[in-house]
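Pasting the structures here.
After this come two complexes, each holding chain A, first together with chain B and then together with chain C.
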Partner chain A sequence: MAQRYEIRFSGSGGQGLITAGIILAEAVAIVEGRHAAQSQSYGPEARGGASKSEVIISDEPIDYPKATKVNVCLAMTQEAADKYAGDIVSGGILLTDSDLVKNPPAGDFKHYQFPIIRTAKEQLGREIVANVLALGAIIALTEVVTRDSGEQAVLKRAPAAFKELNQKAYALGYETMKALMSAN
Partner chain B sequence: MAQRYEIRFSGSGGQGLITAGIILAEAVAIVEGRHAAQSQSYGPEARGGASKSEVIISDEPIDYPKATKVNVCLAMTQEAADKYAGDIVSGGILLTDSDLVKNPPAGDFKHYQFPIIRTAKEQLGREIVANVLALGAIIALTEVVTRDSGEQAVLKRAPAAFKELNQKAYALGYETMKALMSAN
Partner chain C sequence: MKKVALIQGNEACAQAAIYAGCRFFAGYPITPSSEIAEVLSRKLPEIGGTFIQMEDEIGAMAAVIGASLCGLKAMDATSGPGLSLKQELIGYACMAEIPCVLVNVMRGGPSTGMPTGPSQSDIMATRWGTHGDHATIAVAPASCQEIFSETVRAFNLAETYRLPVHILMDEIIAHMREKIVFPEEGELEVLNRAEPTVPPAAYKPFDASFGDVPPLAAMGSNYRYHVTGLNKAEDGFPTTKAALVDAEERRQLRKVDVAAVAKNEEYLLDDAEFVIVSFGVVSRSARFAINQLRNRGIRAGMLRPITLWPFPAQRVAEVAKNARAVIVPEMNLGQMIGEVERAVCGACPTRSILRVDGEPITPQQIIDEVEEVQHVL
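And now, the complex of A and B:
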């Protein structure tokens, strides 16, 4: 059977988490030539603002594009952490924004946190790239694509006027996460 | 069993078809409060530039977010038409860009066409909103959401500086399609 690796980006609408998922899927498939599927399902909770975006990575064609056993979950709000971190696999990883997720759920997974949105605001002056900063952190954590492949996919999607900002956000997320990991 | 309605947007990478799918899913779920799932699967063909994006609409939660029986397919390139129009259901609909799809596939479905990209370029001066123009046409064709719900979802996603342009593109696609339908 094909190896599946599942990553869920969750938070609230407007945080750019669908875009983060699409960039990761494009890094896997368009940059690295492997298989990826990316999806979002919207139910009544979408009107309240909860949002999730999932990426499945495989070395073979992906028949079922929704997450079934989440290897890694990003949660950018408390509501998202409560709602979407429940099905992380044993030994998986949860990454949260430490300012916004005050009560991270417990489970048989590793938990990392840092103030993702505040870091974007304070170090880059732009909260809007917090999603790309989070993506850099997720790629550092998982190494599902190389650092360079992720950067290429980020640059491909960024509007011309924002390429440098996005590149900085990606690098900052990647480096912050690697520093956190080596401190643990 | 729940009613499923499946719409596929296909063409080449960079035509904004993933965004069109996301806007439609948000019109269904966030504006109208029903269920939607949106997905893209990327295989080796993604490196060659072929792209598809699918939206499933239902009155109940959607378990399987990939299209299985396509009710409506948009094809913005010949390659996409050849590759992705094959599984339109009997009685379904194919919409193609008439400049780019010179040999539309035949089948037991209705075929509509107009020069989608050229219309965006000539009437709005911006090819980049051809995806929103196509979305307006798809909503006119299918009425899966109201004209107003689609517009709300378009405006929600458009950057501030481009709201008016996107609104015009949406209206132009919607009106062009309605005119074509009444002429047929």
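And now, the complex of A and C:
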């Protein structure tokens, strides 16, 4: 693991991306006992508008808690992709929802896409777990924590009645991403 | 094994208040401090404490003062607009020497400013917001773990000195989530106010023969006394006698032991040519910048006041003697720089990095400034 690794979850308010960031930070800091700082930009609106959540990961204590050069960026809306992909480090990765980001921004980074929200809706019947599905994909893509650590963190946070659904969403995201990576 | 969690700075503050023995919170929730009230509204009733949401910020501060006078450790949390409203009562607590803790998660200003943006623009409002001469103690943590320990220390200082103590935070550290290792009971020092030992009839609330911080009796106990915002004699009743007023005013300033309250973090200062003075989230940008600058052979270091008031003027003066420049990044339009300049007193050049657009000062801004200064000076 590099000294400092930066992941940005972006989209619109209400998509659960701040929660996805918190779960990832818990997987790093609590399950794996390393260091993570999770922060978010937030506006007065509770829904809509561009929203981002950042997780800084390190084996050492984290000084600056916001992104400097984003290693991996998830964008769940066109607006977020346009606004936030520009900070991706050269050779970094952008993951987008292919239904919602019709014009993925170009740059010196790898781009992956799949219909994240539609996958959640069609295969799990619940759009609400798209954030956990995206988290599974991000962990598959980056391996910043093990698959198991991510799952533990998801289960720790999910309400009892929704543990199984979240577990499925996480696994589906993880496997969809791995399949996509091996296809490329 | 110790309890570990990933929590927000505001939650760490609320949990620490309970650890410190706080059993009364009154507030009027305001972004970006609201989570402190939210957490305490749930936790305090569970342990026999009281949470009350007042009609406004002024009422909240008044309730806190009343609860403290009745013997409880009491806290309020707000942001800049609330701080403005509370000034009269902060002065009252200073004059009547009533311990309490006031958290201010700063946002821009004046007036209602930018609720969701980070800021450090209340440094001077904290020191001088209320009129008249008065001692001010303010602590300024920079991480979730430190928010916990400094909140506990803030209560200790309030109870030790019979004074309102401020906790100054910015939106980033207040809302950021980091791992925190919860201290076990007894691990952090928890201090309580001195209570009177004399019989009730002999009690005087400001009897300086007991030292500069006389014992404070709880209202509702057998001890009866008078409380006023007017200059008072040792029995608590108003006075205009010159000698008494002068002695009391001077005692109220003198009672804070500046050396005992001082707390700084010093990072790579020993050989630093470029000294950065910063606190809160900006100190984390500074640390990042210093590491990068050191990699390029530039000897930068940081003095980070954790106790912001009283300002560590003496330490700043000492480190300035061997510095080529002292650089002050702060999220306002030039507040701490004034204190730094006063302390440096021309021993070396000073520079400001100022930002008030709702974005944090980045490590790159500090790196650029140091590199420029290096070429100019």
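Throughout what follows, the second predicted complex is superposed on the first by the 176 of 184 C-alpha atoms of A that agree within 3 Å, B and C clash if a C-alpha of one lies under 4 Å from a C-alpha of the other, contacts with A are read in each partner's own complex, and residues count from 1 in each chain.
As a convention for this text, a contact is a pair of C-beta atoms (placed from the backbone, for glycine too) under 8 Å apart; a residue touches a chain by one contact, two chains touch by 3 or more.
This is a predicted model, so every value here is computed, not measured.
Of the two partner chains placed by superposition, A:Met76 touches none, neither chain B nor chain C. Within the superposed three-chain model, A:Ala134 lies out of touch with both chain B and chain C [touch as defined at top].
When both complexes are overlaid on chain A, the residue A:Gly13 reaches chain B alone and has no touch with chain C.
In the superposition on chain A, contact of A:Thr68 is made with chain C only, not with chain B. When both complexes are overlaid on chain A, the residue A:Leu100 reaches neither chain B nor chain C. Touched residues of chain A, counted separately for chain B and chain C, are more numerous for B.
By the touch criterion defined above, A:Gln38 reaches both chain B and chain C.
When the two structures are aligned on the shared chain, A:Ile116 is found in touch with neither chain B nor chain C. Residue contacts after overlaying the shared chain place A:Leu24 against neither chain B nor chain C. Put simply, chain A uses residues 22, 25-26, 29-30, 35-40, 42-44, 62-66 to touch chain B in one complex and chain C in the other.
The touching residues of chain B, when paired with chain A in their complex, are 13, 18, 22, 25-26, 28-30, 33, 35-44, 46-47, 61-66.
Partner chain A is touched in their complex by these residues of chain C: 4-6, 115-116, 172-173, 175-179, 281, 284-285, 287-288, 291, 360, 362-364. On chain A, the positions that touch chain C within their shared complex are 22, 25-26, 29-30, 35-40, 42-44, 62-66, 68.
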